[in-house]
Amino acid sequence: MLKIRIPLDLFKRNPGMPPGTPVFIGDQKIESVYVHLTDFDEDSVVEHEAGGMDDPVVKAEPQGTRWLNICGVHEIPVLEALAERYKLHPLTVEDMANTRLRPKVEEFEGYLYLITRMIYMDDKHELDTEQVSIVLTGQTVVTVQERREDVFEPLRKRIEAGKGRIRTAGSDYLLYAIVDAVVDHYFQVLEHLTVRADALGRNLYDNPQDDVLDEISDLKATVMDVRRDVWPMRELIARLQRDEAGVFSEGTRTYLRDVYDHIMQVMDLLEQLRENLDSMGEQFLSGLSRRMNEVMKTLTIFSTIFLPLTFVAGLYGMNFAYMPELQLHWAYPATLGLMLCIAIGLFFYFKRKKWM
Amino acid sequence: MLKIRIPLDLFKRNPGMPPGTPVFIGDQKIESVYVHLTDFDEDSVVEHEAGGMDDPVVKAEPQGTRWLNICGVHEIPVLEALAERYKLHPLTVEDMANTRLRPKVEEFEGYLYLITRMIYMDDKHELDTEQVSIVLTGQTVVTVQERREDVFEPLRKRIEAGKGRIRTAGSDYLLYAIVDAVVDHYFQVLEHLTVRADALGRNLYDNPQDDVLDEISDLKATVMDVRRDVWPMRELIARLQRDEAGVFSEGTRTYLRDVYDHIMQVMDLLEQLRENLDSMGEQFLSGLSRRMNEVMKTLTIFSTIFLPLTFVAGLYGMNFAYMPELQLHWAYPATLGLMLCIAIGLFFYFKRKKWM
Amino acid sequence: MLKIRIPLDLFKRNPGMPPGTPVFIGDQKIESVYVHLTDFDEDSVVEHEAGGMDDPVVKAEPQGTRWLNICGVHEIPVLEALAERYKLHPLTVEDMANTRLRPKVEEFEGYLYLITRMIYMDDKHELDTEQVSIVLTGQTVVTVQERREDVFEPLRKRIEAGKGRIRTAGSDYLLYAIVDAVVDHYFQVLEHLTVRADALGRNLYDNPQDDVLDEISDLKATVMDVRRDVWPMRELIARLQRDEAGVFSEGTRTYLRDVYDHIMQVMDLLEQLRENLDSMGEQFLSGLSRRMNEVMKTLTIFSTIFLPLTFVAGLYGMNFAYMPELQLHWAYPATLGLMLCIAIGLFFYFKRKKWM
Amino acid sequence: MLKIRIPLDLFKRNPGMPPGTPVFIGDQKIESVYVHLTDFDEDSVVEHEAGGMDDPVVKAEPQGTRWLNICGVHEIPVLEALAERYKLHPLTVEDMANTRLRPKVEEFEGYLYLITRMIYMDDKHELDTEQVSIVLTGQTVVTVQERREDVFEPLRKRIEAGKGRIRTAGSDYLLYAIVDAVVDHYFQVLEHLTVRADALGRNLYDNPQDDVLDEISDLKATVMDVRRDVWPMRELIARLQRDEAGVFSEGTRTYLRDVYDHIMQVMDLLEQLRENLDSMGEQFLSGLSRRMNEVMKTLTIFSTIFLPLTFVAGLYGMNFAYMPELQLHWAYPATLGLMLCIAIGLFFYFKRKKWM
Amino acid sequence: MLKIRIPLDLFKRNPGMPPGTPVFIGDQKIESVYVHLTDFDEDSVVEHEAGGMDDPVVKAEPQGTRWLNICGVHEIPVLEALAERYKLHPLTVEDMANTRLRPKVEEFEGYLYLITRMIYMDDKHELDTEQVSIVLTGQTVVTVQERREDVFEPLRKRIEAGKGRIRTAGSDYLLYAIVDAVVDHYFQVLEHLTVRADALGRNLYDNPQDDVLDEISDLKATVMDVRRDVWPMRELIARLQRDEAGVFSEGTRTYLRDVYDHIMQVMDLLEQLRENLDSMGEQFLSGLSRRMNEVMKTLTIFSTIFLPLTFVAGLYGMNFAYMPELQLHWAYPATLGLMLCIAIGLFFYFKRKKWM
């Protein structure tokens, strides 16, 4: 069955609702909201887990850089507490709760707001996406996820280990590191898709089944869906690079250039995959039409050889009282000979026409 | 029947008519013109209904922000009275009366003029559109609709309830709220189209009827029509955001950014719908050609098996006087055996060729 | 017959001829040149007709705004007299005489030169175009037409009646009014094309004849030709609006914006027509292939049912001496029964395959 | 045979060769190099022919404007002498010798360098192109051609006759006149192509032969090749018009605008030709598929009518001993009647289905 | 088998790895790293080979211009030593080790970093690419290759010979010369592809085999792959030409313009090749469908001629007791005559329909 790849819950929002009214739109992917806090500076790292925004550690002001990771957006009050804590605009909260938005970067008074999109392949090899909102305000970076995945786990490990610039380079570098983690994850999805396309290509010749075309078109639709999600990410990173808000240090901008290269590589690879799938489809169809051609030729050869023969046989099967040749001794072998001549003649005719 | 989706009344205007001559072009959708007035400021809301522009309440100067909603554009004198009241350019009045125009924003001396397009699905699931002209002049917003729909009802409720910024943020915010209401309504149309496409996709496999292709092409035409109407709305909102006329406050501009995101999402969804319908069509056609293939193969297999057999039967149906084999006892079973061999031989030939 | 839609007289000009040598290129559409002069200001209108540029009234200096309308470009001396009178560049005269040019606007020292293209449908429903050159110099507007059509008649009537701004707004407004008249005329051509497309769409289902596709492709070619002529007009009007030469008053610019809207609407409608015709063509082709499918199925069903039956009949038509079943009393009805079984079996096989 | 339209001598240059090493690439189209010099000012014209650059007249400094036309680029020493005489950059000399370059304009210290492309149709109606390099340095214009064609003959005549601005307007106007001559020549090629396309269109209906499609595709390839050569000429002229080097007088710039119009017209006509050829191809294919349809219908009608009839005949040709109906007097006419009924029934069935 | 043209080792990098961690990605094409040093100024050239960066000659400061060519990127420590020596950013080292990147130019503090892509055709006529990183820092140019190919050999020879500007024009000219060598090599690949396409075109008519289409599509895929690699090189050279970093002298910029022309010519040729291959494919398919048409016509002609004849033969093969015409003396020749008439009639019918 061909699925319409537009989730219907997208239309849950009432028209005429005042703007800035947060409504949770999407699938609830986690039971209860979970807050993970990481405070760090050059010398120390403090990690803390909480169930909401009213936790005292969360409320305290951090010494160095703070990373507040909130998992689950279906509990509107948590988002509202967050908004109050960091003076977020109502529209920001509304956007955080609506998980069907396209990636964008918006500058508000006092903070920078990013919507990014994480892409996974689920167990059934279906595409699954997650909206990750990021707020950069002062020395704090807030990330708001839909679920409690370990996509940021390697980054957290790097903070703990204190390797690289991560501990010393401030919150703008942390923001970069988070966006980089999101983009890096795309390569995993790409690898999955490439491996599947490769397997399809291998099957195309070994056992060309009728539904290969459906599989190709299915995989291409997935590639297009990924492309649709990645494309605005490219814009987002390009805008971060231009740094209109002036929040990035010179050093971090060099690294942003690197993420931009990565996203361009992702786009290139997606384009290449699409082209590969297209030419697979064409090759399959051309093979199909070649086989059809062969079928038609076979039919024509058999028909055109046997139709005259059968006619001759029918001719001498007629019951007219006076058919003098029927009485001749050599008539039967002569007729057989005639038939053979017709058959051989047509055979060579087809041979010359290269139909055989 | 394939309808040309261009209304012929579009061509009602005489060439050579002086510019600025208002002529009603479109279908009359309401019997008589109806004027709805809403005056409000932070503390109070006054609502008033009138049958024309010469009502004393309408003529009076408002205290705070005024929203004048005029339903029905077929009575030219009402529009002319409106023009006189708010010093509108003759071209503006002409545009209000011609309901076949594309969305645009125009800056005139003393006011801003917008043409927006509302989209509905009528009871027969046909697309229906309505032109909504909006004039922003000082603290007054005039909206001119073709019919008396309740699209703005939720907005009016919000004004009465005094929730959000609506009561305090002035006429520029009211203009935003009206445009936002128009755009929000697109999502309802999109939902309708998505649900229909989804149903079509489901039917494609269960009972693929011949007219599915027509239905797909019909739905696609509707999607393209919506796209044609929404596309200039995108331009319109982008121009509002740039605020060349300098009528929007900083706060309202943040909200305009939000409408722009919505319209981009609408465009994305329309594009996605179109792609989905395209691949539905392709899948249907590829299924059709696969079945055609099967039909041809069946024909070929039957013909190529029975043609030689019938020939052999015809051969021994000939009436030659001297056909020695006819007299042999074992000739008949031998012939049957030969036929069986031919049939089995061809059967395996087709098997090897993967035609069966 | 498929016409090449490029007039061959286009290539009449000799290569190597010095630039600025006027050569009449096109079809002569009028016998002798005819000059129509309209002098007007707020209070009075003077109209005058002459056979050439040496008429004393034409030679006199006008009081207010002058509109000099010259019909027929095949008499080069008249154009040269015009050039001398208004100090036109040799290239301008060359362009006036070559009626195969694309619309453009050019600024020369002392005057503005426009080439516009008028579009008609002739009596045989064929597209016919006419080049209208317009020169704006001081308070004089010169229009140079190929024939003596009444396209400008309504405009002349408006000048006489003195309605609207036309009498008071000067030569720049007159220029606008002329361009507006040209563009307004496009709507008539569009109406003609829309009505024809509509009729075609209606016929598509009622009696789908073989040449519908040719008619569709013919109409589409006409739409494309109109588009080719209208497209540079859009550029022309956009350039007028930017007013690089600084000849338009603020008021006139507002009106130019209106013409621009009209030309955009024309482009939109042409695009929509093209799309409609495309989907008509596709629908016709898909209907054709559906019928073809049906034809093949019918053939296959008949063949596959009757081939085995005919074989069985042929089998018992063989003349072997020892065919014991031929002597059995019940053999004939049994054979008939067998045939019936085969037919019914195949019938249900096709039923299950949904071929019937 | 399908030719690859890329000349293989293009790859003659060794990689790793120092830049600025002139290597002759192309077909030698003339036996020995030939230098034609035209010195002129308002009052006099001096023409001189020489075999090389060491001719004393060539070496002398001209009084007024000089046009040095060199035919043949295969003798590298001549080009090197030219370079020394006018202080040309080594890259310029390399470009002059490589006749496979795309049109471009380059500004060097002290001179402007243009590569233009002349297009001919040779005697076998094949496209033939020639690279014409033009150098504008001070009051001298050097043109370097591959052969000794008379393309510039009309221009030379004009100089001799002293008509128009050519004698007085300096070397920048001469450069314009040369480029204009090149572009004007395109119209001849266009005329040739249009006439051929016209003839093809006429043949399409009169006698649609199988190779019409190949001819159409061949002509289209030629149109595309011309387009490929003309397109960068458009860029070249647009750059000349912008006059970044500041070598053109105001008057000459007006004329350059005229060449630009011409090249745009050429592009438009090429586009139109391509479209015409495309729709010719489509029309031919749709005619082909219509005929195929008819073939299939004929086959189906004959088969479905005669298959049942032949079956009935075969039925009563069976040799069963007990077939009571065979003995009935009226059985034979009744069978014939039955056959007629079947035939008529199927006839009306096909009639109703509009297959006949 | 259809290969997915995306190398899977591309995905070797772990997500979450700190940026600037060099990981070798690609195929190891050389056993051990090899360093080639060329120091030169106007008077002298010194060449030196080393196994690593700790060689004393490599460590010494050069007098004039130094070209350090490192072959093999799989030994990370060598790259790290290089980074330390020339103060390269960690991201640069990471990029050097990842051989799957797209060409780009990046400006870092103190140096310019380029990634270029060399293209080869290997022995099996497969496309093979190599990433060449180039660093320009002061008077030193460092090139980092994947293998020890002799692509730069001609350039080295030129340095030794001291021909042209190469010895005197400094490191920026050396950088140009290296990029020029890379681009010049594309022409070899293009030549190879053109020759192959030419051979394919020749075969198309002589012996059109079924797999020609696959070969065409294969060659086209290769052309597209080359295009994908060349396209960003065009951007790279355009950026070098703009010289935002200010490292190029005026003279070198003139030469960069020349490389840009070359790369544009490569793009043009690739485009032309693609078009040629496309029209080859179309021509093959149209030939195929023409042959199919012929096959169908043959089938139809044979069937429609022999079906009625066989029916007539079957008719008089019926065994009815009372078939009076069977007893007539002239019935048999009359029947034969009737059959002849039917055959001739149908023959002329097909003749008139131009099916024969």
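Per-chain residue numbering starts at 1, and chain names A, B, C, D and E are given in the order in which the chains are listed.
FYI, contacts are C-beta pairs under 8 Å (C-beta built on N, C-alpha and C of every residue); 3 or more make two chains touch, one makes a residue touch a chain.
As the structure is a prediction and not an experimental result, all values here were calculated from the model.
Distance between chain centres (mean CA atoms), chain A to chain C: 43 Å. Our note on geometry: chain A versus chain B, Cα centroid distance of 26 Å, whole angstroms.
Along chain B, residues 296, 299, 303, 307, 310, 314, 317-319, 323 each make contact with two or more other chains.
Under the stated contact rule, the graph of chain-to-chain touches is a ring, a single cycle where every chain has exactly two partners. Tracing the ring of inter-chain contacts outward from chain A, first into chain B, gives the chain sequence A, B, C, D, E.
Those residues of chain C lying in contact with chain B across their complex are 153-155, 157-158, 163-164, 166, 177, 180-181, 184-185, 187-188, 190-191, 194-195, 197-198, 201-202, 204-205, 254-255, 257-258, 261, 264-265, 268-269, 272-273, 275-276, 279-280, 282-283, 286, 289-290, 293, 296-297, 299-300, 303-304, 307-308, 310-311, 314-315, 317-323, 353, 355.
Of all residues in chain B, only 1-6, 8, 10-11, 13-20, 89, 91, 100-102, 104, 106, 108, 210, 213-214, 217, 221, 224, 228, 288, 292, 294-296, 298-299, 302-303, 306-307, 309-310, 313-314, 316-319, 323, 326-329, 331-332, 335 touch chain C in the complex they form.
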